[in-house]
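First chain A sits with chain B, and in the next complex the same chain sits with chain C.
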Partner chain A sequence: MSEKLHNIKILLSEFYVVFLLVMAWLFFGIFAPGFLSFRNIFGIITFSVILLAASLAQNVVVLTGGFDLTVGSIISLVTCVLSVLMVYSVIGSIIVAILLGVLIGFVNGFCAARLKIDPFLVTLSVMFLIDGIDLILRPAPGGWIDKTFANALLLNIGGLNVGSIIAFLALTIFCVVLLEKRHFGRLIYAVGGAEDRAILRGINTQKVKMLAYVLSCLLCTFGGLYMAAYVQIGDATIGSPILFASIAAVLLGGTSVSGGTGRALNTVAATLIISSITNFLFYIRVIEWWKYVFNGALLIVVASVYYWIERRREK
Partner chain B sequence: MMAEYLSTENITKMFPGVKAVDNASLTFNSGMVYSIVGENGAGKSTFAKILSGIYKADMGKIFIKGKEVVDYNATEALDKYKIAVVHQDETLFPEMSVAENFFMEVMGRFYKKGFISYRELKKTAEKSLKDLNINVDVNKKVKYLRSDERKMLEFARAIYYQPNFLILDEVTAPLPEDKIEAVFTWIKELRNKTKVVLYISHKLREVLELSDEIVVFKDGKVAGKIHGSKVKMDDLIQMMVGEKSFKAIFPEKARTIGKTIFKVKNLKGRGIDMEFENREGEILALAGLAGSGMKEALRMIYGVVPKSGDFYLDNKKIKIRSVKDASAHGMVYISDEKEAEELFLNQSVKENIIIPSIDKAANKLGILKESAVDKFAKFIVSRFNIKTPSLDTLTQSLSGGNKQKVVVGRCLLKNIRVLLASNPTVGLDIASKTEIYNILRDLAKKGIAVTVYLSELPEIVNFPDRVLIMYNGKIVDELKGDEITEENILKAYFEKVSE
Partner chain C sequence: MKIQTIYLTSIGAIVVLLIISALFAPQFLTVEHQSSLLKRLSVYGLLALGQTLVVLVGGVDLSIGANMLTLAIFGGDLFFHTGELLLPIIIVFVLGALIGFINGVGVGRFKVPPIVMTLGMMTLLTGFVLVYTGGSPVGGAPPALVDFVFAEVINVPVIVIVWIVLAMLLWFFSRRTTLGRKLYAVGSNPRASYILGIETWKIYSIAYTLAGVLAAIASLIYLGRVLTPALSVAPAGIGTEFLMPSLVIPVLGGCSFKGGEGSIIGALIATYLYGMLRSFLLVMGFGEAGVLIFTGVILLGVLIFQQIRGGRLLQFRKLFTRK
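Take a look at the complex of A and B:
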């Protein structure tokens, strides 16, 4: 019995961001009746799928001790590429988008891991580069996205985007399993936790880091496909706000910026917290401009609670 | 006729500005224990890293069982050639569990239907540790282990791979005497199983006890090979450093001992319960089996860890509630984890020297006078023979011995009364050790109360004037003068354990 209690304690301490999410939901539910309705929570989750892809991508790279500032730009890039090429071939345009994602990931990884340039600088430069290409492809929002493609991804049944939920679950399971149950995932933690030690163990740290960047870009490409399905146009700037939200989610999820610690499930919970704040402000009809103010303020409140818990946990 | 397992031919490795290993040609036969000895920077660890596939040699060949092998990495070294290594530096990941650490690089072997089976992983780790009589919980995160437990874990890892060639680089440094005993047993077992063990160590007593053949490295070159049974400690030291003899490593003991300077009474907390006093001119040592509370006691006195107790400095009662209090009364604590606790590695040597006594180099407005900083730093650097290219060199590029000289030497700038040190020479080469002993002796002569926790037997015998043996947080024996012999110390250690 006491062992069971002990296990629950460990679970609580490992996944406390999940409990923070539940607390946040209950809090919002009190202030905005209807917030906790099935339809609204369902909506928050479907709405989160793109940010989730970017946050999990960011998480993988941050775990290695790096940073990926290209996450938002890749999402924009995917919408632009699809909106230009889909008229010729739906499948073809998706393949091009994926290949581009891999290529960007490879460039990021090569510069950061192999050439050992600071990942912040590398991905910032690449971000500018992609933003430029986005604008060349799509100077103004527009273009055409195939309706069947969009429907296939979103799977709208009775006004609910079932497809997004499936994608949300798939992303979560994929990342959790990869990071916790596969050798590659554990190596990411090892390399991020103590690279010099990993080298002494004969671990190919450059390869691990490189693959982490490629994986990050692939996850973002996936997010980009969903973005295209949602907005059904190409837009060169639509992904930009996602970058900062993804960083916020990763940090709120307890992943250490110095690498090596943090759980994917906590990143997922943190992503939902961030989406819920946006949704809550919409729900209580905060005027447009004030939204940003409240958004920032609420994030600080949640972060304070989080760090308060964390500090107590350490004791 | 013994079979040759591994041999090297003219192995050379260059680092910017230095030849770390220079034309090393050596042969290692099965069923033998080899040792490499030499000063820090003599190329021992670099040689080990080349053999284990971490570094690639710039020149030279490696043969295994007579066949040349080219360009292998660490994984191949382990899998194909059965070369395992326990590095001097730690290779464990602090945030991960013992079980995960055990198999980090080969977790793929524990896949069940494509996923890591942690159950299997834990079971195998548990069994491997149990086989070697190592008691650690495989679920514990490595950061919660003691340093000797971590070293034993690294050992168990290396032995798990059933190596034909096991390299041990300075492994006994964090280990207490009883664990060293166990390690020696394993080494001898491996020898009986016709494996090769390559033992790299500063501890010559251990080298002499174990080795069939001793290789001396000096400035990257093989300076000599000696048959293990024919050599004496003094000769070995001579080969390594050129001149000094074993006794000359330690400064002369105190002739006269004066009045009490620092007194600790009723020190209690965390299983510790003790009292002692430290007299003028005297170096007092705390010794005991690891985990007996020597280090904890020093940290408690210094205010790092809460405690209760009465403290007297020059017969006056003082209060030490925090490190700040201790420091204000002129106390200094030097730890064995020096890099982590005491030096700002990415700052210059002179900044590190001046930091504890920074007020001295500042004018009335609190602005640092660069000239004063230089003056003080230059004094300490020359006084203690700290080898650094310049005062502005980053501290991280100094050798371990010189880093420690900075830590100990800078105390001279402060008006200190009490110096507490925990294993101040651990991991240093003989020349640096000697210098640290001399500095501590000098400080004691100047009337500073010096209390050190020492873990290596030769040090305990030859350095302090009085030894307090601890067990389970209490002082169980006191040795002074001629009573301080290896025999008496070990007797005091183990008699209490068996009681």
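Take a look at the complex of A and C:
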């Protein structure tokens, strides 16, 4: 019996964000009847698939002790590239977008891992660069996205975007399995947790970090494809809000910025919390702007408590 | 020695820019243009000074732009409704300091990572401003403030003098006072500073509070210049257009984001360099996209250059071969 209790305790401390999400949903459900309806929850999940891709991308990099400020810009870049090139070839434009994502990830990873420049600053400069390219490609929102491409991604059946749900589940399973079950995932934790020890163990830490950045950019490219399918135009600034939201989601999910601790499932839950707040405020007809207050306060409070407890534990 | 090299590099870059602009756009070197450039730069310059102080202690303040814009909007509304001059100014200063202090306590006392704390603060301020104003421009600057902002002493705008004098004071503070030296000490090694008996959380609070006060001063100048601050509701948060330069300038000025390295003078020179470069590119017709790309390339270049000087890149070939 006590062993069972102990297990539950561990589960609670490991996945407290998931419980936070359940509590938030129950709370919202009480105050806004209809919030917990199938359709609304479905909508929230559909709505957050792009943010999820960006958050999981951010999570991978933060786990290695880095930072990726390019997530939002890559999503914008993908919409711009698709909207420009799709006229010529649908498949070709997607391949170009993916290749660009890999290239950016490689540049980020090379500068941050090999040259050992502060990742915050590297990705900040690359972000400026991509934003500039975005603006050249699409000075104003516009362009054309293939309808069949959008339908293939969204799979709209009876007003429900089944494709988004599949993408949401696929992203979640991919990241959880990769980080928790595969060798590469364990390497990421090892590099983020104690890099010097990982080096002594013979792990090529630079390679792991570099691959983490490439993976992050690939996930963002995936998010960008969905963004393009949703808005059906190219927009150079559409990704910028996602950057801060993705950082907030990762931090709310309890991933430590010094690297090495954090679960992918918590990031998924945190993403859903952030989307749910927006949805809830819409539901109870409060001005949407309160969501900034909620998100900011939530971030500060959760982070304060989290790091305060962590410091206590160290003592 | 090291810092002097960075001064020389920045000054060299400025000289090169001045020569190029003399060739391509001679109107650049007129007194009027330079004075209006400096006037525009003073807001960015003050924010960059605040950011530099925070970076010196090893932090980063993502809320500095939002702080500035919030105070400008709130202050403008206060001026408009109370009709007084002194009281709103005092309130703006107190609020700026308070926001900075809360950041400092969060970072210093609760050990929240600076990025998390200040990102949360930025989001919070964005929410407050949007809810308070309803998204539309409110308030207005009093004539006295406008007169002050537009006043000139022999072709030199008063606000530029304010900016330079503040920079000098901060330089003196950071280099010649015990408290200022503690900023460097905590920045380069918080643990050792703590063991030596420095109350690190107080140093963090002081740096962040000073950044808040500088944001308050910048907000008053900004308010006087634009009369009614408009909200460009970037969904990420307000004030990001002021935040980004404030992150770029310290790097150009030789600050290390690991803390404990960099100087106020470097930031001051870098502000001018950044402003020159930006307005030069705009005049040459590269547009906002060109400015972004150049900023990114130059930033990366500076960062890689710093690593070369750190000796890590000396054997460049080794980078491309496996260990």
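Here are some notes:
We adopt the following convention: the second predicted complex is superposed on the first by the 283 of 315 C-alpha atoms of A that agree within 3 Å, B and C clash if a C-alpha of one lies under 4 Å from a C-alpha of the other, contacts with A are read in each partner's own complex, and residues count from 1 in each chain.
Note that in this section a residue touches a chain if its C-beta (ideal position, glycine included) is under 8 Å from a C-beta of that chain, and two chains touch if they have at least 3 such contacts.
The structure presented is a predicted model; accordingly, all values stated were derived computationally and were not measured.
When the two structures are aligned on the shared chain, A:Tyr189 is found in touch with chain B, with no touch to chain C. In the superposition on chain A, A:Gly34 contacts neither chain B nor chain C. By the document's definition of touching, of the two partners only chain B reaches A:Lys181; chain C does not. In the overlay built on the shared chain, the residue A:Gly158 is in contact with neither chain B nor chain C.
Contacts of A:Gly202 after superposition: chain B is touched, whereas chain C is not reached. When the two structures are aligned on the shared chain, A:Thr261 is found in touch with chain B, with no touch to chain C.
Which of chain B and chain C touches more residues of chain A is settled by the count: it is C. In the superposition on chain A, the residues of chain A contacted by chain B and by chain C overlap at 204. Chain A meets chain B in the complex at residues 177, 180-183, 186-187, 189-190, 193-194, 196-204, 260-261. Put simply, chain A touches chain C in their complex at residues 67, 72, 111, 114-118, 120-122, 124-136, 139, 204, 206, 237, 240-241, 243-245, 247-248, 251, 257-258, 287, 289-297, 299-300, 303-304, 307-308, 310-311. By the touch criterion given at the top, residues 53-54, 73-75, 77-78, 87, 89-96, 100, 104-105, 107-108, 111, 114-116 of chain B touch chain A in their complex. Residues 60, 106, 110-113, 115-117, 119-128, 130-131, 134-135, 234-237, 240, 244, 247-248, 251, 256-258, 287-297, 299-300, 303-304, 306-307, 312-313, 319, 322-323 of chain C are the ones touching chain A in the complex.
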